[in-house]
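Once you've had a glance at the structure underneath, I'll fire off some questions.
Naming follows writing order (A, B, C and D), and every chain is counted from residue 1.
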Amino acid sequence: MKITGIFAPVPTPFSADGSLDIEAWRINLRIWKESALDGIVICGSNGEMPFVTVEERILLTEVAAEETGGKLKLMAGAHFPSTRETVACAKALASAGAGALLLLPPHYFKGNQTAILNYFIEVADNSPVPIFLYNMPANTGVDMETETIISASQHPNIKGIKDTSGNMTKLGYLAAAAPEDFSVFGGTGNWFLAALAMGACGGTMAASILYPNTCRKIYTSFKENNIKDAMELQAKLLPVSDALTRRFGVPGLKAALDSKGMRGGPCRLPLLPASEEVKKEIMTILDNSGLDKYETWRA
Amino acid sequence: MKITGIFAPVPTPFSADGSLDIEAWRINLRIWKESALDGIVICGSNGEMPFVTVEERILLTEVAAEETGGKLKLMAGAHFPSTRETVACAKALASAGAGALLLLPPHYFKGNQTAILNYFIEVADNSPVPIFLYNMPANTGVDMETETIISASQHPNIKGIKDTSGNMTKLGYLAAAAPEDFSVFGGTGNWFLAALAMGACGGTMAASILYPNTCRKIYTSFKENNIKDAMELQAKLLPVSDALTRRFGVPGLKAALDSKGMRGGPCRLPLLPASEEVKKEIMTILDNSGLDKYETWRA
Amino acid sequence: MKITGIFAPVPTPFSADGSLDIEAWRINLRIWKESALDGIVICGSNGEMPFVTVEERILLTEVAAEETGGKLKLMAGAHFPSTRETVACAKALASAGAGALLLLPPHYFKGNQTAILNYFIEVADNSPVPIFLYNMPANTGVDMETETIISASQHPNIKGIKDTSGNMTKLGYLAAAAPEDFSVFGGTGNWFLAALAMGACGGTMAASILYPNTCRKIYTSFKENNIKDAMELQAKLLPVSDALTRRFGVPGLKAALDSKGMRGGPCRLPLLPASEEVKKEIMTILDNSGLDKYETWRA
Amino acid sequence: MKITGIFAPVPTPFSADGSLDIEAWRINLRIWKESALDGIVICGSNGEMPFVTVEERILLTEVAAEETGGKLKLMAGAHFPSTRETVACAKALASAGAGALLLLPPHYFKGNQTAILNYFIEVADNSPVPIFLYNMPANTGVDMETETIISASQHPNIKGIKDTSGNMTKLGYLAAAAPEDFSVFGGTGNWFLAALAMGACGGTMAASILYPNTCRKIYTSFKENNIKDAMELQAKLLPVSDALTRRFGVPGLKAALDSKGMRGGPCRLPLLPASEEVKKEIMTILDNSGLDKYETWRA
């Protein structure tokens, strides 16, 4: 089945001592389960993926499977720098209950699209569940070329891409050239509607952690040919989305969760906490958006 | 009156010896006059702006005013590296019949948004006709910041922006924050529909030189809430647009004009002619797009 | 004869109304003539080249030839965006007395090293005096590839390069592969000694406008195998050089001239004047360098 | 004691199945022990650091301590994305026998020099042995600012930096502003002499794995004021160094080891093996350099 809709790339909660806070995780999962979300992404960038060990990723996935009981699709971040560690992680996360795996390209040694493609194919060959590519050039310094992605999309176990590059030309080419059941997802709420207009069939965006109904309504309005409503919501979502990701990063996102009844808590170092000034700015943006009225489910 | 719709950034025709080919210019103008275009951009990037002297820009504008007689709005490229030469050019082009002026930011000496803003204000203060900003980071190496553009948009004689950066976050912020009568234009046909979805009110795109009806139909379908037709045309337009600009540049665009009954001809050096191989590839893309059937006006 | 030594890329003086200040130009030329400089660069980047018309460049060169009477070698900036305007400028500057011409690569339309090479060859074929290439990626957004430069260096009328990229690998390859009489120059005083160590045979650096003896002493100490003196002077020159170019640009450089007995004056817009704070910072750096004691010639 | 001289960033040998090849490691260590090297870097970039677990890094360090018995200084790569994992790794590597630790800045979440500084200080506070910073923007996408490095250099347990950026301005500022016992190292053999001229006191370069005597001779010739010999060797080393790192990466380096009597072997995936064509090109460059005659120790 083709993966579509809204997936929230949720944060990983930590205690003050830096250990996983599984109780907070359970609380959040129960909240998201009641929302309009189609699924969540565990240990993506907002889940502080590079700081979370394979054992921790397994535990987070197991708990998520237990708490959500199939109500939410579970996509889990399986990337490690080496192919061998990634394959091992992929198998373990599938066993733990992940329905799909999100995979960054290798990026420390740069410049080789062949090596990138080979990495995806190796992991896809060995993964029990489908692979979702994750193009995130702002963090990795690697921009997966359109041709590389299209080649990867031919693999029977590579089923989609989350693209955060914002390159609409690339999105358009992918939507046109990838197989019918390959999912092209926009990777931020800043321009979700633009991605849909270019042929995307869903999105994973930090804003959907707090505003899943808004995000879903953009999606359904668009599909129901109600472009005016979709544009109005997109315009309101832009500053919210931008504040929750690009501008203030994961610390800001977690502060926002704390303020809206969820469990954000601290990030792991080297990520530093959001300042009080930043928190205040984010809250002002959220409150001014007028979007909370669509999110009564979390009240 | 707010500037909206489709503006074609037309090429400047040259003879084999490198001089202006005014006869070819007249022929093309008569053709475009019969199309669905709202206006043309004279001496934009596709018009080889940096290679065209102020005297030549004046002549091109005068002839365009004469040939189109108000049927097409005329926007003319007035940028020079120094403020003083730009102001002189702006005045001359307005006298020659330009209804608006397209203006790159200064970009040889980089890094100073204050200097950029000051340049636009100096020219706007002295120009008899409105200024349209032109954000073109791929060519200039300067990306105008959202805040700079919003500040500029407050000037009563700065009336719009052509943005080619493809930054949908920026487009969205501009559409939300600029004055009502400030026009946000997408700067390429590759993702025109995405720009409209983010709040743009028009576009200038090389593809509209050959496919103005297609571009206009995307625009009107979108405005009439017919998103499916708009998406279908956008999907067909993408490879055509990409071939006519980003991939093969002005030499490729001119070759395409030559093949479709217009006058393209050679570029000025240092731009080298398109190879036969490139020309063939472009023609294949155009022919395969299936878009020529919407452009019977040029038959 | 191979071009070697220290060339000062001197600023172009303007009056308050923006016109050329030829009297100030004469005063400065008489000062530089008494220094240890081997030559000057007229209308390079520090000469606000993009803002100076061909007629003005001719006049500046004529006056320089008249004032310096062969005591200083004259290299003049001949670049224009189009090949045809550059060729015309090259011929005129040679007639006006330039002994060599400094030439940026074409850079508005990016990405084509073949077009860059072709441009240099066309101009070199038509220029009465030798061409010096000018690689300046920070301003042009174009980095000339090593292979392109080596190809160009085979032309009998292309005799050197000013490289400001700071890419020591490129400098080393050029020094090794270019013909014996092709001059590799470092393009800033920040790392002049490093360039010499990689095989350069001279430099053009803004710092040499005010500190020519210091720059020449780095050069001669290095050639006389007195590396310790060269290093000591280079260490003192670094913050001075960095302040006079990269950090504060031409407005800062001109302010420094005004403070040291030369004629700086205003820049042309869009370059904005240096603030009082910036001027003060530059003066502190210059005074703290301890280098003025080597420059008694200008007292 | 200040760290100076030549440190070879040695590769990590793997068996065909991807496991550590400790026997090959021992063989190589015994070879390097006989060379002019001052030390080696274990699990730097050429050691495929991101692919090597903490347990493996410990083992490699223990074996190196055992084999070299104090004859070579041991610097080991301790970086992990999270501060907590890095601190644990630092303690373990110090116990295993590392005399210093090489540390990349955090780089997945970009743009915050405060977080970078905080990371270094946290690790330095907790490390039993000194920290060497590792600025490697080509791989990390993060360029540590001069001010950040100077701040870090004030910490009593941060004792040096390996800079591969090639930014000579930065190297010069660091050599001038860091404490006397803080070591500034150039990070490649491509421009080692340039770095020395700007004030560096040593280098770690892949070329020194195969050509340690050459590298050391550049260093000693420079210190003995024999600049001509140093320049001649640097000119010969440049293409060798460039081939062993920037151009062909770790797979090429390992192939070169295989050809010169050491144990290179395969890389871990996703790094793909060097093609036969690449291997041949590298060998031609090495053989043509004429440098093997200085390296009779490994015959």
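As a convention for this text, a residue touches a chain if its C-beta (ideal position, glycine included) is under 8 Å from a C-beta of that chain, and two chains touch if they have at least 3 such contacts.
On a predicted model such as this, the values are computed, not experimentally measured, just so you know.
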item	value
Third chains touching both chain C and chain B	none
Homomeric contact chain A-chain B: same or different residue positions, threshold half	same
Furthest chain, CA centroid comparison against chain C	A
Where chain C and chain D are represented by their mean Cα positions, the distance between them in whole Å	36
Distance from chain D to chain B - Cα centre to Cα centre, in angstrom	50
Sequence positions of chain B contacting 2 or more other chains	none
All pairs of touching chains, each written as two labels joined by a dash	A-B, A-D, B-C, C-D
Complex interface listing, chain C residues touching chain B	18, 45, 50-51, 53, 81-85, 106, 108-110, 112, 114-116, 118-119, 122, 138-141, 249-250, 268-272
Parts of chain D lying in touch with chain C, wherever the complex brings them together	166-169, 172-173, 175-176, 190-191, 193-199, 222, 225-228, 230-231, 234-235, 238-239, 242, 246
